[in-house]
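In the two complexes that follow, chain A is the common piece, with chain B as its partner first and chain C second.
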Partner chain A sequence: MKPFDFYAPTTVDEALELMHKYQDSVSVIAGGTDLVLELNEYKATPAVVIDLKKIKELNYIRVEDGVFRIGAMATHASLAADQAVKEKVRILHDATRQVGSPQIRNLGTIGGNIAQSSVAGDGLAACVTLNADVTLRSVRGTRTMSINDFLAGEGAQKRNILAADELLTEISFPVPDTKHTATAFYKLAKRKSLAISVIGGGMVVTVDDNGVCTHASMRGGALGRYPMHFADCEALLVGKKLSYAAMLETLPIMHDQILEANRSRPWSVFYKKEGAQGVFKKLFADILGQLGIEEVQE
Partner chain B sequence: MKRRGTGVGCMFYGVGNTGLPNPAAAFVQVLPDTSVHVTVGAADIGQGSSTMAASVAAETLGLNYEDIHVVWADTMYAPEGGATSASRQTFITGNAVKNACQTAMGELKRTASEELNVPEEDLVFRKREIYSNKDASVRMTYPELMAAMGKKGRLAVGAGYYNPKTTYLSPVDMSGVPYELYSYATCILEVEVDTDTGEVSLLKAVSAHDVGTPIGIKLVEGQIEGGTAMGTGFVISEKIDVDPKTLAIKNPTLSKYIIETSMDVPVVYPIVVSSEGEAGPFGAKGVGEPALIPSIPATIAAINDAIGSSFTSTPIFPADIVKAWKEQQKTQG
Partner chain C sequence: MNKITVHCTVNHKPVAVEIDPNKRLLDMLREDLNLTSVKEGCSEGECGACTVIFNGEPVTSCCVLAGQAEGADIITLEGVSVDGKPDVVQQAFMDAGAVQCGFCTPGMILTAEALLAKNPAPTEEEVKQAMSGNLCRCTGYAKIVEAVLLAAERARGGV
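Moving on to the complex of A and B:
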């Protein structure tokens, strides 16, 4: 580990001042489950490390005026244990409860997971499927944008839009109406704990009072640089009466899309395209069960 | 679709090095306060060979387990113990400890015989007491015996070793006696296979092992449970990935070499089968590798039973399962 100056501010404003002062030479540490490894292996050699653990104002999970607001420093463990998240946002509950190991979930934060934008980030895949908003703050001001725009941008580290002096402070999304909307996440990995996702599938579906699909979001984490967007599958579902049969019709499209996107990696594409269909069959069954539409026997 | 399957794996296993001399030794002294120093070369890598050595010494000397202090694998002081491999330490170091204790018993028996006026062959040493097997009221305690030893200026010391009775194998046809002792085991294992994702859930394993006389039944059960985890991991997740060009190992870290977590291992029901009359200390046999071996074919067979595949090698990864299932669906239909 290369020596560095260490700051542990207690307020966001203090952290932003420091980030503005040191710009590119800063690494921000939230839970540290990625950064500490990078420091140890000399993959990150910052001159300054700013620790966010003491900033209590960033650690919250609350519902305000029909909107979930999650502070960037909320840990995976606290999200997995949150009753409102469990009842209303199963996708986030199921994604965060399966991240890494208990130790990693106790340290790792949702903000860190999204800011890191790793290929296999489960929290990230869940938030992208939800099309959550993220709030970024710097001394220059505050901006809120869709997480998809956040990922599409090229900021200081190229992996997302974050500027060098900018901090991701909040994730927010409307509280789903669980009578009409169901969300689900399935993690396919090489073992049942302490594993990186091979595929992290996320799905959100909304139906009207007649059971007709009015909105669908389908994403596959770890299938590409960012959670893969199955837009054509979604389009096939919207306007149809939701059923297992109707959902299964999306799978051939998904198959072709994954095959196309992973042609350069023939050794892994076979399993990715087949495994993804298996993952989504489970998500379909989960969603239909939650909405009380159909019991699917596995 | 989720499908269940059951598999059976059986094995017999020769304990010790194959067709080679492989001795181990031990030093023992019973001290005046009745505590005992046992020194062995056997490396305890967590399997419990030191616990085993203490148990064998206590049983042989007629003392309690708590009286025995084992110094192990200190190459400055300990005698040769050979490798902790081939499931051999209980059998060979165990016998060495027993032999060393029996030598130390020489002076103890002579002294007790004189003190109690009982022939040496009639003496019983048990749980810190010495008595006559003809009349149990003729008895003395171990501290009394050690006091008598002290008065007479005698010390209870012993060195011993054991080398299994094997022969070199014929270079022409490999005939000969490769092992003195064999362990036997059967494992029955149930899995649930997800044919869509290829995920394998290990549900439960029943693994029965002939260990002769178990020395420390909890240790034997622990070995069986750990071995089953290792064997099942060998089938469903562990692979040494070698670069075909450079021959370098591509996954030399535990983040990429996937061993099971406690969430992955099946519920293991160990069954300890006792048998008698073999060459180990008090009839004990090795269980280190036998614990692992039968769970490997049992897991493969269980997967084959679940999805009708015909895997014969390891590892079997989810991609292999999905592929086998798809091919089979094609040929059926």
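Moving on to the complex of A and C:
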């Protein structure tokens, strides 16, 4: 590791002052499961490292006025163990409980997962499917935006909109009404544990009292630089009475979209398009089961 | 680079270590505190050989900077044995034949200790889940799972 100065502030304001002072020469540690390795391998060579672990005000999972508010330093383990998340937001429960290994889940944080914006970030894919909001803070102020706008921006690291002196502090989204809304995540990987997602599929569906789909969100993590948005599949579902048959009709469109998006990497297309369809069949069955619409036997 | 002093509890004893901040917890434990049961395997959080119990939870010490250990309570294999004698988990690993080359064993035992501290009567599936971040390239996992279940049973007063 290249030498660096180490700071462990205990408040967000203190961290923001340090980030403002050192700008581009700072690396921030949330869980450390990426950064410590990058430091060790000389892939990251900051002059200053700021550890966020001691900032208690960033570590929370709470529901306020119908909104889930999750502090950036909430670990994958704490999200996976949270009863409200398990009951109301299956997509986030199922994404976080399968990240890495127990050891990694004890260290890694949801904020770090989103700020890193890794191709295969499972927490990221889940939050994108939920269309969560993220809150960013710097000494210059606070801004809250949809995670899609966050990913679309070109900030200091070119991965997302985050500026060099800006900290992702919170993830928030409305508490789903589980009578009408079901959420699901399915991770396809080479092993059960200690495996990076080959595909991390996320789905959110809302139906009205007649079982007609009023909202659908379908994303495929690890299929592209950012979780792939199956907008045409979603459009096909909205307005239809939700059923397994109706959901299966989206698969040819998904197939074409993956084929189109991966033209530059033809070797991965065959596997990914087949794999994505398998992943989404699992998600369809999960969603229909949660909404009590249909038992799908596979 | 300014040196930092890390104050923490290691194996039930308070320590203060003056250290360069560009060292990992793994390096601090092995090089500065001579706790060589903590093994470096993959160096990227994938194998679990460097697992230590950090504030009650198993973590891979290759993914933690030394400075992050400030104020932490850390247990390594050296802190598990009682008066120089193997504790119930260590004894069960020996009795079940769950050790072959031994390189993964310290991490395995610490993960098992952390599990049993929270869940004294785990099912086989819970043991497999809890141990899923520790890789063994010698024996396979049957005897390791057996050892953890045996330790749990003995600790509860059975056998």
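The rule is simple: the second predicted complex is superposed on the first by the 298 of 298 C-alpha atoms of A that agree within 3 Å, B and C clash if a C-alpha of one lies under 4 Å from a C-alpha of the other, contacts with A are read in each partner's own complex, and residues count from 1 in each chain.
Just so we're on the same page, a contact is a pair of C-beta atoms (placed from the backbone, for glycine too) under 8 Å apart; a residue touches a chain by one contact, two chains touch by 3 or more.
Small disclaimer: the values here were computed from a predicted structure and weren't measured.
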{"item": "Touching partner for A:204 - first (chain B), second (chain C), both, neither", "value": "neither"}
{"item": "Which superposed partner A:29 touches (first chain B, second chain C, both, neither)", "value": "second"}
{"item": "Touched partner set for A:287, first chain B, second chain C, both or neither", "value": "neither"}
{"item": "Partner chain in contact with A:275 - chain B first, chain C second, else both or neither", "value": "first"}
{"item": "Which superposed partner A:193 touches (first chain B, second chain C, both, neither)", "value": "both"}
{"item": "Touched partner set for A:136, first chain B, second chain C, both or neither", "value": "neither"}
{"item": "First (chain B), second (chain C), both or neither touched by A:50", "value": "neither"}
{"item": "Touching partner for A:184 - first (chain B), second (chain C), both, neither", "value": "neither"}
{"item": "Chain A: partner with more touched residues, chain B or chain C", "value": "C"}
{"item": "Contact residues common to both interfaces of chain A (with chain B and with chain C)", "value": "101, 192-194"}
{"item": "Residue numbers on chain A that touch chain C, as the complex places them", "value": "1-6, 8, 29, 31-33, 36-37, 39-40, 49, 51, 53-54, 77, 100-104, 106-107, 192-194"}
{"item": "Residues of chain C defined as touching chain A within the complex", "value": "1-2, 4, 20-24, 43-48, 51, 54, 57-60, 62-65, 67-68, 70-71, 111, 129-130, 132-135"}
{"item": "Interface residues, chain B side, partner chain A - complex", "value": "1-2, 194-199, 237, 255, 258, 260-264, 318-319, 322-323, 326"}
{"item": "Interfacial residue positions of chain A with respect to chain B in the complex", "value": "101, 188, 190-196, 198, 270-271, 274-275, 277-279, 281-282, 298"}
